[in-house]
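Below is one structure, written out as structure tokens; comments come after it.
All chains are identified by letter, namely A, B, C, D, E and F, in their written order; residue positions are counted from 1 within each chain.
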């Protein structure tokens, strides 16, 4: 069993707000993350696939293939987008890094057919990151 | 002469658009940076001050003081804000990293009274950055 | 189950020495880490909390809250301090990175009430780091 | 149980090719990684040892000792070498990062006598890395 | 005047050797960098362009355009290549980082038509880098 | 003219204090950097040499030679030392990063005989650094 990681970077905006709460409650919970015009990040995404090495190639999964899957299934939908307005898979979901990481897991889990998706790590800043393993 | 650098990080949104151009021209020039809902970055700011060492302190300028100036004059105005909507000093200016760096220079140049402001470096991503020296 | 990480940095001094051993033994074991006046590091601390997402907030634990806990319970006690002389929770303990990481775990484990403390990672340099998971 | 990590860097060359396949198949699988003259990387290696703290030293394993083991058993054999031509332990093995990581595990697993080898992480670039835990 | 930097990464091989010297002299000068099968690096390239801001776009030069120029004029020729064998612009030149940086300067200097090429920085490792400004 | 940089890292302690001032003045100026037992950093040192390329070697200065000079003239004197107590070249000097950078410049300026010392950059933390060019 070997773990293979591919790292990609994208830039997006979000505003943290729960539409079922009042403005005051949202400000109390999210503080400046609730600022009305939103703000953004350079998100760093690490996708980990676990599996056995294919003796023909020496790969678990060709990282060029993994890169293509991540680009077409995730990056194309989020890069230079706003999680509250034009990212389909986050519709109606509070765009915390936790929820985005789970959303990305769901986009990828059935696309990985050599090895299995093991973990999605999502860095919001150099100081804050989330890991989700489908548990 | 010694050069002293302080690094700070902030998260903000922007949308690149020139209001004097047509939608088609804006899309042609800015491509996905013109997406209507904007996107964001973790900007890294490096402020360089040049000066002589004060023999009493061994400092050109106390970095704690420089940090406070940057926080109150710059970071408080841009962190978790959107350059097109709620950042005063960028009103009416296309929020490219070039223009933001010059805006930050103007905010700081008269606030530095020990040594002189030498350079403002602004990283939009790990791959793209701008330096402005007031020339 | 989601894993949430907060990273903080602090600067401290230490001298590796076991007071029950002779000077010669200490020098043999610790070499230059036993230099009499001590030396220091910029320690990087990563605190990982594991838990379920609170549907009201979209958070496992608000990272602003986690940051405050780490600052008040850990950073305030170690930043710009010397582990051999003025850090209470290390009194009588050899200040290796291993022992500091365990000390930090003990300071935090009962303070985390949303989710559970999962791991403390402590980087002494870019080349050396320790992880402790309470096992 | 504490996890201790040492990071080392080395520079090496490789060419991805499976000698049992035709040239066309090799180009299809490995693309530019199959370029005839090979190419190279600054590989970053992280070796993780798990164990209990020795109360006499406060260490699981002295990181100076771990560094020496890694240098003599691994780095001396791969640094400034070419995995296809002058690295003994990779003879006849396709030099993917996956296979190199497993090769390094085998070189180290019996050399670590304080604590146990837990993981070998090998970064080929800042975007691609492999982890192997002997499973 | 504003300085705009674009960073790109490529992987390549080289062997340091001066064909006008004897084997012994080459080994004495280049040591392990003279190993017969060569070795490689993940080179990091930073290209700096200096110029005035175009008021229509807010750019000195569109970084997407600069990226395309670097990719087509430099990266396509060096990525996954071997500087001693299949990189045209280094034919007959000892492939030290110094000489590669100058070679890259020559490839780019006439391609930059908005602003002027100001500097080429080339990192061979995280510890060694070269800057050339055409002086 | 080419600029060649070598990066080295060392760990040391210091306490900021001006012995000609009162305790109260020292606390007011240096705050927690004046804590009585001192604190420490992983300092990152970048030494830049400027010169012409030697056509025989393709080097301005062999980086292995530059590394050796920095190790023997600087690192051996500061690594795992305390700037207030056991670093000769800082005797009687307030050990701010500014003053340490100038001290290192003086140690190196006459040792570099291929090319000329151009700059000493010293990072105290990832957020604070100093550059000195002998001006």
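By definition in this document, contacts are C-beta pairs under 8 Å (C-beta built on N, C-alpha and C of every residue); 3 or more make two chains touch, one makes a residue touch a chain.
This one's a predicted model, so the numbers in the text were calculated from it and none came from an experiment.
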Among A-D, A-B or D-E, find the interface that matches A-C: by residue number, over half of the contact pairs should be common to both.
A-D
Centroid from C-alpha atoms only, then distance chain B to chain E, rounded to Å. What do you get?
29
Report the inter-centroid distance (CA atoms only) between chain B and chain C in whole Å.
34
Multi-partner residues in chain C (2 or more other chains touched) are 126
Sort the chain contact graph into one of these: line, ring, star, complete or other.
other
Chain-chain contacts, ordered by label, are A-B, A-C, A-D, B-E, B-F, C-D, C-F, D-E, E-F
Chain F touches which residues of chain E in the complex?
16, 18, 21, 29, 31, 93-96, 98-99, 101-102, 126-133, 135
In their shared complex, chain A is touched by residues of chain C numbered 1-8, 53, 56-60, 62-64
Okay, in this complex, where on chain A does chain B touch?
9, 11-14, 32-33, 35-42, 79-82, 84-86, 125-126
